[in-house]
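Before I ask anything, let me first share the structure, which is written out below as structure tokens.
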Amino acid sequence: MPTSFLLLALISLPIGGALLASWLPTYARNAAATLAATVTLACLLCLAMLQGVSAEGVRADIPWLPSIGINLVFRLDGLSWLFALMITGIGALVVLYARYYMSAEDPVPRFYSFLLAFMAAMLGVVMSGNLIQLVIFWEITSLFSFLLIAYWHQSANAREGARMALTTTAAGGLCLLVGMLLLGKMAGSFDLDVVLSAGERIRAHDLYLPALILILIGAFTKSAQFPFHFWLPHAMAAPTPVSAYLHSATLVKAGIFLLILLWPVLSGTDAWYVLVGSAGMATLLIGAFAAIYQHDLKGLLAYSTLSHLGLIMLLLGLNSPLAAVAAIFHTVNHATFKASLFMAAGIIDHETGTRDMRKLSGLIRYMPLTASLAMVAAAAMAGVPLLNGFLSKEMFLAETIAQSSSPQFSYALPALATLASAFSVLYSLRFIHKTFFGPPPVDCPHTPKEPPRWMIFPIAVLVLICLVIGIIPGLTIAPLLNAAVVAVLGDNTPYYSLRIWHGFNPALALSVIALVSGILLYVCFRNRINANPRGAPPFLHRFQARRLFDSLMARLVMLARFMERRFSTRSLQPQLRLLVLVPLIIGLIIVATSGGLSISTNVQAVDPFFALLWLVGGVCAVGAAYQAKYHRFVALILMGGAGIVCCLTFVWLSAPDLAITQLLVEIVTTVLLLLGLRWLPVRREDLRKETRRSKIRRGLDLSVAVIAGLAVAALTFAVMTRPAANSISSFFLERAYSEAGGRNVVNVLLVDFRAFDTLGEITVLGVVALTIFAILRRFRPAQEAMATPRQQRWQNSFDSDHATRDVGQTLREYLMVPRVVIQWLFPIIIVFALYLFLRGHDMPGGGFIAGLAMSIAFILQYMASGTRWTEAHLRVLPVTWIGLGLLIATGAGVGSWLFGYPLLTSYFQYTDIPFLGTVPLATAMLFDLGVFVLVVGATILMLVALAHQSIRKPRVVETDTDTTEEDALPAPEPEAETLQTERPD
Amino acid sequence: MSVLILGCALIAAQVMLSVAIVLAAWRVVHGPRAQDRVLGLDTLYVTALLLIVTFGIRTGSNFYFEAALVIALLGFTATVAMAKFLMRGEVIE
Amino acid sequence: MTDISPHLIVAPIILPLIAAALVTMIEQRPLRVAISIFTMAALLLISVTLLMSVASPLSADTIVYRVGNWAAPFGIVLVLDHLSAMMVALTSILALATLIFSLARWDRAGPRFHALFLLLLMGLNGAFLTGDLFNLFVFFEVMLAASYGLVLHGSGTARVKAGLHYIAINLGASILFLIGVSVIYGITGTLNMADLSERIQNVSQEQRVLFDAGFAVLGIAFLIKAGVWPLGFWLPPTYSATSAPAAAMFTIMTKVGVYATLRLMSLVFGIDDNTVMGIASPLLLIGGSLTILMSMAGMLAARTFSRIAGFSILTSSGTVLAVVGIGGERALSGALYYMISSTFAVAAFFLLIELMNRARGTTSEALGAPMFDDEYRDPYDDGPPTDEVGRITPVTVALIHGGFVFCALLLTGLPPLSGFIGKFAIMSGLADYAHLSGWVLIALLIVSSFAAIIAFLRIGVETIWGSAETIVPQVKSVEFAAIAGLLAMCVITTTHGAAVLDYTDRTVAALQRPGDYVSNVLLPNPPPLPTLEIPPQEVAP
Amino acid sequence: MIQAPELPLWAAIVVSLLILSGASLTLIGVIGLTRLKTFYERVHAPTLGATLGGVLICAGSMLCFAVLQTRVIAHEILLVGFVLITTPVTLILLVRAALYRDRAEDNPHVPPME
Amino acid sequence: MTAITNRVLKLVLPYPGLTLALILFWVLLHNSVSPLTLTGAVIIGLLAPWTLVPLKVPRIRIKSFTACVKLTGIVIYDIIRSNFAVAAIILSGKRRERSSGFVTIPLDLTHSHALAVLAIIITSTPGTLWAQHDVDTRRLLLHVFDLVDKTEWIDLVKRRYEPILKEIFE
Amino acid sequence: MEIVLSLAIGVLVASGVWLLFRPRTFQVIIGFSLISYAVTLFIFSVGGLRIGAPPILDPAVKDVSAYTDPLPQALVLTAIVINFAMTALFLVVLLASRGLTGTDHVDGQETTEQ
């Protein structure tokens, strides 16, 4: 069977298993367990088949993203094989254990699904042959560990622990990513084999140190090294199988694995020595010290895990090949004894209902098998001879002694190592003694008993491994270890021996000292330790990880909120200020950096009337600005003044089309704003509060406004007086008549040269009209504006007070003359609109202008006769007009496709009609018709939709004083004033 | 000669009309009541129309006639709306 | 029968327009839905065809369509190149998914949804395809006008408040746009972007100042659309107030700003890192970086998912713009890839948020009741939705949560999905650049990922797991289908990343040598009609 | 600076007189608008420009173009006609509105509502 | 015969006067009497008046065309005369004592079109303003710029305008 | 001429910008309208100021320099239409905001600042 197939099977089996498990019914416990067991056993089988070949290293390449150097490379050598064995082997045992551990009510398939997915990710990490791929799997392990820790997410502890774990490890993962990126850049490839062979170059590279630090952060967070260790104890909120699997054998070993993997590349420098060594040492001591004080079984195991991880880290940091061997060896050993201890703790928890050592006692009577297995495992943890823990710890002590020759640590190193070993003896002893010995427990929730046989079986297997390795290492672990070591160290593999007995040497002495002092310490301090109220070590209890983490997160959020408050806003005014200031400042920077604007004196003489006109325009504009707050109506009139000046300017400066358009738009806009004004309650000047702050702000605003005005004026002047550019416009002037059949070049531009713009523009108009219509359907007026306007109430009450008059007579009288005139004007304006439309191509006019004129004809009828009357007599279907207009315009454009020309190609011809003469016919006219139709529809829809609000009846009952008699009085009392609608002055 | 005469007359007329516009605008700005302002605006419209006519004469072209016609035929719409707003508080009932 | 294929380029603009016009006039809802769906599906097909034709090595890289049969620079031309084809295809996919989602309920939350939606599409496609600066303005306005309608779709206080700000700020941006365009026209005498690229070389030094100022004003208008700090405060509130489908569509709208910046930078200044000119590049870099930074703060400060989603959009614009500021083809290619991914992801997230809020019973002011007896009755309005028979199974919840995890991975840039690949591609390119600004940007990207992780965890954990009971929301399968479709696009982008990256590589290469674009657009004797070459493998069975 | 079409002298003189008188009349009307005391007085003033003033200027224009293009150009009649029809509409509405406002404020200078 | 013609005319031309006006309007707009313009004018004249039909505008039957001409003459004369009168007053400034004020005039006219014409005439004439008309009491409130003798103004309306308008419309 | 128009545009912009910074929605809409005038004139002015040279072709005059630049005028027309539409929309939205929030403050809520 090809090895690449096996490699891929190894990784894809658990993935497939995870997917399958996620689709199992909620309570299909046995099916899920069977599935998971099958998968893991199959993996083990694959692994077994790969054992021989992995020694020389096998790989399978799947190209994925070659351009950025990410390919899927699965690769197995001695080291990764060993890790894969741990992952699948312990995985299989955990699967079995979990089947009995998890309750029947749990949705177990989800658990197994996550577990298998995690296993796949872990296998991915150790099998990655590409740095980035490794990071990918790395982050996936974080993710699934998060999901597994939070498996019981109804518990706040689980959620919190999971969050903390993911936050820390994912952050580390991000650092690792950058580190790997740098590593890859230094090596020239992300391929692991390339990187591994580029050690020399990398260590000499400028980027080595940043890369090292980033990679170490990744490894330290994952392997819970000081100062990133805090998440691990909180991850104990996970179900025990998860702890046994993730927090002893796999997840936390990922960091170790990574550093072992990259040991040949990264180690050997002082930076490595200092960083890795000190982190390892600190973790070793802190973990061991804290473990002593834990009352929670899993807490003790968690801190002891920290300590052992620190030990391995320290070994790796020593820059010695022999230490590296010890590190690898201890990794395996720790996985076996710690997993079994976790499982044992789980059994105790499961059977007694508690993990609190203060409540546990004398369990050996109830569960002798579990107790004896746990004792062996604990002894391995303590480093008792004939167990695997002893062998690797011995190597560790020997290495610390060997390193003491170097000046940095001198004798401190072996001393501290021994101290830590003594601590480990102490907490192991406490674990066993406190739990299994002594009187029977008093306040256990359940009466303890031996668990099901198959639940003990995994522990037994692991303990057996501890024993076998401890007693006959040469026959068991040696070949596997050797393969791993060679894979890492290659030619640098040192001589080492796994014999139990190396004779009397300093390491043995230290071992003995540690053992003895550990026991002594326990004997002396056990009462004080057991009485410790917090279950936390002295000195360190202040640094409650969770509280620190929470406060850090809270501070982060506070900082973020502060930044948001300070550097962002939700109000409109500051945003509009920025909108003006940013272009202003950037414009000024540009002008300033390039030596300023050169102002030309190439100007035409000032026409005095023009200046007079703009005197009026300017005054109107400033007046409108001044009045807009308290006298909206006045502001509107003033704006009308400015508008007419604009219109005259267009007349003056050769733009008749613009003048007409401006005028018509002006008229329609005025009516529109007046329609809106009815719904804006009056704003009272006498209520105005003037503070110093508001004065200052207004002053600032005013100066910004003036500066903006000046800047735009300068820009205008500069652009106007520049030497004329060689514009594309001459083309239009030359071809408008000959090639587009129109004399009014502006109109030809609109309907032919740039008809596409016009198509978009009318679409805008249509969309806006539809939107306005939609908004107004749900319109709710301001409370104060809901009542009938004051004028109408006054006039209506006058009408009803006089016997001879009927309500509404004042209005009828008022409109009698205008109505006659406006009705007679209706056909005339329509004809005028038609005229404007027809002449557009040659003379000022066109579809847009005509459409506006036409819509004014309708609006006048609405004003003169009221909405109801007008709609009873004229059927206006503005929405249909809009749709139709769009269709006509588009149809006119698309029609050219039939003749094989691009969209909106127009065709024109001068047609001779008998008797009448030559008539220009252009298809652009059809397009213009669409414009016309749409403009009529859209304008009418906008205005009429707004006008309709007046005749709607509020659904909410008007509870105000609208209908009382005093309202009939015209007296404008200040109280009533606030209820009035817009008052013109 | 005729150009000079007509030109001067046109300038004079336009100055007068421009002054008229300024005065009408003064009424718009000064008020005192809203009806005064509306009246001022209406006057402004009519005067602008006349100014456009003189401008047509000045340039000898008919291109501006429609602008004037729009004021004549449709310009009253805005002021009607304003007057009606003053009277009824609503433009379209 | 005439051959329609040469006109395919204009179809992404014209087709929605025709459909919108029809939909406006048609009364029956099923027919309107059918037209919308058919149009959207056709658009997807067309845009993929266009994409393939550009991607095909056999056909021209730049296909020019002369609207009105007037040659550039005089008439308006549509230009299909790698970048525009990509954006159009992105839009079509997004639109189809969003439309499908909205069929479940949102298209009935107010009148004229389909018309507005179709016209938004028209505006977007027009903005991407046009080669004319003023025409770009017009299509911006079409897009904005439709978006105003969609922001306000369904009414309600929050929407109206946010809509007011949104409209006000975009009105301001439009004014800046107009000023910028006029100055550019005044100085160069042209509106055609390719022609502009040519003419700018002959502009004298004094005029160059004016041109630069005008260009800066124009650029600021684009940056407002892209939501760059300090011009993008409007974005998160607007997007979180609006209806889910609208918000999902809007994810592409910020990209229009990015697109326009990229296009004009490429044509006017060049985007190569060794031809950095003026202050445009540093401004983009600083603006983009600050945007990333501030959206990071925004995410951390956020209390709702929709704000997180809003800030994700900002992060994405900021990232792309900062990379444009630095230049460098590898990073830029990564940025484009990242943009594709983040667009799909944020859109999916917006849609998902709606479902999650529904589960929490806090659908944001859904169908606000009208105030009046509606005498102005809309004949097209079918009233409030009644037939909401969702699939009430826990599977619903599981799917929502699964979708959330997907979105979270994509938006935080965690492996293994496209969000990660995009960020990595950018960082990898920046690392090649080996310049301080590059390292700073890498750091920012990493920190922003971290902030996103914290934000997602902070709100996600408590929202999803924190509540005592699980409410099963009523979700229609079309809603899931839409979200799944968008997420599937992310997955495809991940698995077929090589092809996508190859495409973005070529896009960037084309942007770096604008000469081809220019010469294609300004071909002195243009062929009567551009013929679209569909790659042979498409034709062959 | 001085722009004007080339006309025969007599026509130039007549046109000049027409437009000057029209403009003066209009200006007088607007002066009235600014100087008169009450609103009801002021309303009368702009009618000058809208009627005779407009007629004179339009007549000038008609004559000018008739001579210039040697054919009857009469469309200025439309301007005069429409202004004559529409201005009263505005004024009637405005005066009535002013009356209402003054009455509502009990202004003694207007006749009370009957 | 005439009855049938009238019927047909009524059917084709709802508002013959308007038709004429529109033809004139179209011709004046185009400033030409070319066949094309005339054809257009006729088409417009035939079609456009139909837009008034849905508005239910009553058809006006003008009883006397000579009265129309007479009225036009009177109005032109009055307007010119008043123009100079008012201009003189404005130019004279404060030198002359002058009072303006309201005059109430009882009217006999009821036809809305006749009233509208009267209103336009009065308002177009400088110096007089149509301020308010009460339908019940048929009283017109007139504002007069230069009010010396009220009866003078009552006479103006009652003697000078109202009879002719009655002649034309009623 | 140029200086007058530049100043005019400056005054319009200054008034408009000042209004944009105000807290009341109606002020903002008037501000936008004033700025729209300014922008319209600005685009227009980019084509250069010509008196009596409208871009309406006289078949007799072939010289393109006899006409003013038509393109800015076409752009202005488009801009005017779009501005009109946006003004209408903004008005309706501000009315809706006023109705729903009970205030005409641009933020939909009164703040301590004026």
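By letter and in written order, the chains are A, B, C, D, E and F; residue numbering begins at 1 in each of them.
Just so we're on the same page, a residue touches a chain if its C-beta (ideal position, glycine included) is under 8 Å from a C-beta of that chain, and two chains touch if they have at least 3 such contacts.
Predicted model, so just to flag it, every value in this text is computed and none were measured.
Separation of subunit B from subunit F in touch steps, taking the shortest path, is 1.
Shared contact partners of subunit A and subunit E, listed by label, are D. Using CA-based centroids throughout, the chain positioned farthest away from subunit B is A.
Relative to subunit E, the most remote chain by averaged C-alpha coordinates is A.
Centre-to-centre, using mean CA coordinates, subunit C is 28 Å away from subunit F. Distance from the subunit A centre to the subunit F centre is 39 Å, each centre being the mean of its Cα atoms.
Subunit D has its Cα centroid 57 Å from the Cα centroid of subunit C. Rounded to whole angstrom units, the spacing between the C-alpha centres of subunit C and subunit E is 62.
Multi-chain contact residues of subunit D, defined as those touching 2 or more other chains: 3, 29, 31, 43, 50, 53, 73, 75, 78, 85-89, 91-93, 95-96, 100.
With touch defined as above, residues shared between interfaces to two or more other chains in subunit C number as follows: 134, 138, 141, 145, 148, 152, 155, 160, 164-165, 168, 172, 179, 182-183, 185-186, 191, 371. Looking at subunit B, one finds that residues 14, 17, 19, 33-34, 38, 40, 58-59, 62-63, 69, 73, 75, 80, 84, 86-87 touch two or more other chains.
Pairs of chains that satisfy the touch definition comprise A-B, A-C, A-D, A-E, A-F, B-D, B-F, C-F, D-E.
Interface of subunit B with subunit D (complex): residues 1-14, 16-17, 19-20, 23-24, 26-27, 33-36, 38-40, 42-43, 46-47, 49-50, 53-54, 56-60, 62, 65, 68-69, 72-73, 75-76, 79-80, 83-84, 86-87. Considering their complex, residues 134, 138, 141, 145, 148, 152, 155-157, 160-161, 163-165, 167-168, 171-172, 174-175, 178-179, 181-183, 185-186, 191, 371 of subunit C touch subunit F.
The part of subunit B that touches subunit A in the complex is made up of residues 14-15, 17-19, 21-22, 25, 28-29, 31-34, 37-38, 40-41, 44-45, 48, 51-52, 55, 63-64, 66-67, 69-71, 73-75, 77-78, 80-82, 84-93.
Residue ranges of subunit B in contact with subunit F, taken from their complex: 58-59, 61, 63. Residues 25, 28-29, 31, 79-80, 83, 86-87, 90-91, 93, 100, 102, 104, 119-120, 123-132, 134, 137, 139, 141, 143, 145 of subunit E are the ones that touch subunit D when the two sit in their complex.
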